[in-house]
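This is the structure, below, for whatever I ask next.
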Amino acid sequence: MDRIEDIQGRKDHRQIAINRVGICDVQIPLTISGIEKDPAATQAVHAKADLSVDLVSENKGIHMSRMIESLLDMPQPLSPAHLSEVLEDLRERQDATRAELSFHFDYFLTRIAPVSKRAAPQAYRIGLSGSLDPEGFRIFQQVDVLVKTLCPCSKEISDYGAHNQRGCIRIRLEHDHSKPITICLEEIIEHAESCASSPLFPILKRSDERHVTMLAYDNPRFVEDVVREVVAGLKNEHRCVAYDVRVTNFESIHAHNAFASITDTPETGA
Amino acid sequence: MDRIEDIQGRKDHRQIAINRVGICDVQIPLTISGIEKDPAATQAVHAKADLSVDLVSENKGIHMSRMIESLLDMPQPLSPAHLSEVLEDLRERQDATRAELSFHFDYFLTRIAPVSKRAAPQAYRIGLSGSLDPEGFRIFQQVDVLVKTLCPCSKEISDYGAHNQRGCIRIRLEHDHSKPITICLEEIIEHAESCASSPLFPILKRSDERHVTMLAYDNPRFVEDVVREVVAGLKNEHRCVAYDVRVTNFESIHAHNAFASITDTPETGA
Amino acid sequence: MDRIEDIQGRKDHRQIAINRVGICDVQIPLTISGIEKDPAATQAVHAKADLSVDLVSENKGIHMSRMIESLLDMPQPLSPAHLSEVLEDLRERQDATRAELSFHFDYFLTRIAPVSKRAAPQAYRIGLSGSLDPEGFRIFQQVDVLVKTLCPCSKEISDYGAHNQRGCIRIRLEHDHSKPITICLEEIIEHAESCASSPLFPILKRSDERHVTMLAYDNPRFVEDVVREVVAGLKNEHRCVAYDVRVTNFESIHAHNAFASITDTPETGA
Amino acid sequence: MDRIEDIQGRKDHRQIAINRVGICDVQIPLTISGIEKDPAATQAVHAKADLSVDLVSENKGIHMSRMIESLLDMPQPLSPAHLSEVLEDLRERQDATRAELSFHFDYFLTRIAPVSKRAAPQAYRIGLSGSLDPEGFRIFQQVDVLVKTLCPCSKEISDYGAHNQRGCIRIRLEHDHSKPITICLEEIIEHAESCASSPLFPILKRSDERHVTMLAYDNPRFVEDVVREVVAGLKNEHRCVAYDVRVTNFESIHAHNAFASITDTPETGA
C-alpha cells in the first residue's frame, strides 16, 4: 500500500473549480458489443480513450492512475449500454459530480460488391461517448461513412461527364438513454450511403465499377443535398433525441473541401 | 458573364434549412495586423480558412465560388477588427442570415533566452474566428502556448529529480466586439507562460539551460494548477466576455496525455 | 463472369516500366502471430496496408482489385514467416517480377508497474514489411518504443533537477529470411527501454512514480547516448542482417525535437 | 560567455559513430527566392526544418544550440543556390564530415481559371533539401501538385459518367549542383498538370467548371498513365541528375488509395 504522501489530495485555496480534468489519447484494446444488427456480434478494436471528471475548488488534483483503473475495470465486451456504469465508476473513484468519456475506434463490417458480390471488410470510424452529471446521463454515437458524391451542377452544365469525389458523412446521434439502443450501425451506414451519389466498396470488379459509375451519375448530389437527405431520415426518428450531421466533400476540382452541417432534434409528433 | 444555368439557385422542396454550408481547409496567404503589442506590426502568414453561411430551406445550394471571392476581397493587412466586415460580406453575397469564419495560422514572435539573451523566432498557433447572426457579432481569438510542466507529486515523493514534459496551454478568448481589442498576443503568451513551470525557448545556451532547469524545479505544476493559474488571471478580465482554457501535458512517464480545462465568463464586479 | 473489356490489360507504347504500382492506406483487420515471445500468442489488430508490384513497360496497368484479393486470401493468423508467400501471391496474380508490402498496426503488450506491480496494456506501433524480387526475399520489422530521456547536460550544470521528456526509439531490423525469426517483440522493447533513462508505463501508483523519477535521474541520456546504446546491443546481433535505429526526443525545453540515427549491418566476427 | 562545463564535448568510449544527429520539426520563418520563373520573386514562407550532421565515435554529443544558430545565420532571402553554404556552415560549427538539411513549406502561386480568367492563390507543398559529405554536395527539390484524375476503365466500361478524384503528383528532382538551377516551379507544376486528367483551381465559375469537367472526361488517366507521362517528360531532362515521381489517387470509389512510382536517372544521350 502506498504510504507516500498524497499531494493531489491536498487542499487548494484558489477557489477555482475545474470543469474537466483527466487523461486523453489513451490507447486501449477493447471488445465492443451491442452496435451491430446481430446482438451477439462482438469485435476486438483498438480504441483511443479520453476520460475526465470535474474537480471542486477545494481539492488540489485528481488521481490520474485511478482513471486508468476505471478503464481496466470496464465490463468486456463493452456495449453502449455499459457507458453509464463506467461513468458512475469514474465519478465515484474521483469523488466528482460529473464524468465524461469518449472512445474512438475503427470497426469493420463486411461489404458486398453490388454485382460480383465479392465480400471484403470496410473500416468505419466510430465515436462512442457519454456524460453523467446531476442532470442525468447522456450517450452519443458517431459514425463516419465515406461515400462518393457527384456534382449536379457539373453534370448539368457539361456536355458529358461530371466531377465526383470521395466524401465523408459524419452522423452523431444522441440516444435516448432511458430506452435500449435500437439504431444499429448497419442502419446508420445504409441510410448515409443512400443519401450520397454512391457507396464506396473495398473491392470492385469491372462489372461493379460500371454499376457504381452509372449509379453515381444517376444520383448527383451537392453537399447540401446529402446533408438534407440524411436529416430527412432523422427528423422523425424518435429513437434518438438529437442529431448532428456533417458532410465533407474532398472536391476533385479544388484543393479545398466543401461542407454542410445540420444540428437539430427530432420533431415532436402532433 | 455566365449564362450557364444556375443549378444552386433552384428551389428546394425538402423544407430543411442548413445551419452551415461552405468551404473548409482553404489555404490562403494573409498579412495579419492588430494582434501584437506594437499596433503597426504586420506578419505574412499562411492560413487555413473555414467559411460558412446558413441556407434557408427554399434554396438548393450556395455559391461556393463566391466564398473564395469573399476571401480574395478581404482587407489586407487583415486585423481582428476587420472580421465583422468580412462576415457581413459573406452573408450578403450568399443572401444568408448567419455567417461564420475561422483562420488558423502560425505566427512568429522573437523570444529571448533568459541568461544569454540570444534571440530567435518561436511559432505560436493562432486561431481567429467570428460569427455574425441576427443576435450580433462575436469574435474569438485562440493561442496555443507550449510550455514546460514539472510534476509536484514526482518532486515531493522522490529523493531527487522530478518528471517534467512539454505541455500546451490553449487559451481561447471571446472578445467584447463593442470595444477595441486591447489584449495583445504577447500579453496572453506571457500570462500563460507564467502559469507553467517554465517557458520554452527556441535557443538555449548552457547558462540558459541551467536557468530553465532550476526555474521549472522551483515551480512544480500539475495540469490542474496550470489551468487554475491561467483562469485566476482571467476571471476579473473585463476586456474579454468569455474564456476557455485547456492545458494538455505530454506526460514523460506515460504514453498518454493528461489534461484539464475550464470554460467560464469573467465575474461581474460588485 | 466479367465480359467487360479489360482496359488495364491493354498494351502500352511509352516504353516506361513502373517501379511500384499498387494500393495504399488500405485498412484491414488482421490476426497477427509469431512476434511475441510466446509462439502461440495471437492478437487481433487493425492494420494499414500498402501493397505494390512492378509493371513492365508493355502493359497499361495492373489489376487493383486483385491486390485486395491478395490481402483477403492471406493466411490468418498472419506471422512474419508468411510474408514471402503473400509476396509470391501478389507477384503471380499481377504477373510481376517484384512485389512489396507493408503493414503498420498497434500491438498491445501488458506492462507491469515497477513497484506496485499493477498491470495494464501498452500499445506499440509495429511495422512489418517485405519485398520479393529476382535477387530474393527480404523482411523487415519495425517497433516504436516510447521512453523517457533525461538530459545529462541539464543534470550536470544545474544545482537541482534536470529536464526530461518523452522520446521515441524506432528500431527497424532486417531479418535473415533464411532462418526462423527468433528476435521477439519483448526482446526488442526491453533492449530499447534499457537504453533510455526510463521506460514509460500505462499505470503508475505513487511508489512507482517515485521509482521512475529517480531511475531516470540516475540514468541521464542524450539522444546520442540512446542511439549508441541501442546499436551497442545490435552490432554483434547475427540474427539480423541490418538495422536502422532512430531516436527522437520531444524536448521539454524547446518546441522542436532532437534526433539521432544510425543505419548499419552487424559486424562480421573474426 | 558560458563557463559551465561542456558535457557534449566530452569523450565517448563506445566506439560507435552516429550517422545523423540534429534537430527536427523546427518551425522557422523564411524568405524564399530563386524557385519561381521570375528570378526576382521572393515569398515569406513558414518552413519546417530538419538539420543533422554526423558525429565521430570519439565525441559524446553535438551542440544543439549551434544548429539553431546555423538556421538563424542563413542568408535571407534563401535560394536553393545557398544550400551548400548553409550545409558548409553546419558542418563547420559541429566539426562534422557530413551535413544534411531539409525545409518543407507551402508556397503560393496565382492560378487563373481556364475560362473566366479569375485569379486566386494556390498553395504547393515544397521540399528543399541538400546534403554535403566528402563525396560532394547534392540538392533536391520536391513539389506536390494536386490534380484531378479520371479513370479510363470506368469511362470505357460505363454507358455514361466516369469516376474521378483528387490525386497528388509528387515530383522530386535531384539538381545538378554544378550548374545554376533552371527548372522553375511553374515548369514542374505545368508539366505535372499536363499529365493528369485536369489541373485543380482555387476558384471556378460555372463556365470554368464545365471546361474542367469535360477536359477531365476527354483525358482519362490511370495512376500508371500519369506517372509514365511525368517520366516521359523527365527522362531526357539533363538539367536534373535523378528524379523520383509518385502519383497517389484518393480513389472516389474506395476508401483506400492507389499509387504508382518511378525512380530513375535521365538517359544519357548517344
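Going in written order, the chains are labelled A, B, C and D, and every chain counts its residues from 1.
Going forward, a contact is a pair of C-beta atoms (placed from the backbone, for glycine too) under 8 Å apart; a residue touches a chain by one contact, two chains touch by 3 or more.
Bear in mind the structure is a predicted one, so any value in this text is a computation, not a measurement.
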**Fill in**
Farthest CA centroid from chain A: chain D
**Request:** Quick one: superpose chain B on chain C by CA and send over the rotation angle as a multiple of 5°.
**Result:** 180
**Prompt:** Where the centres are mean C-alpha positions, what is the separation of chain A from chain D, in Å?
**Reply:** 36
**Prompt:** Once you find the CA centre of chain A and the CA centre of chain C, what distance in Å lies between them?
**Reply:** 30
**Prompt:** Distance from the CA centroid of chain A to that of chain B, rounded to the nearest Å?
**Reply:** 26
**Item:** Overlap residues in chain A, where contacts from two or more other chains coincide
**Value:** 4, 26-27, 122-123, 153, 157, 202, 204, 206, 210, 255-256
**Residue ranges of chain C in contact with chain B within the complex** = 122-123, 146, 148, 150-151, 153-154, 157-166, 198, 200-202, 204, 206, 209-210, 212-214, 216-217, 250-256
**Touching residues (chain side chain B, partner chain A) in the complex** = 4-5, 7-8, 12, 14, 16-27, 52, 55, 60-62, 64, 152-153, 156-157, 222-225, 227-229, 231-232, 235, 248, 255-263
**Contact set on chain C toward chain A in their complex** = 2, 4, 6, 26-29, 44-46, 65, 68-69, 72, 106, 108, 116, 118, 120-123, 202-207, 210
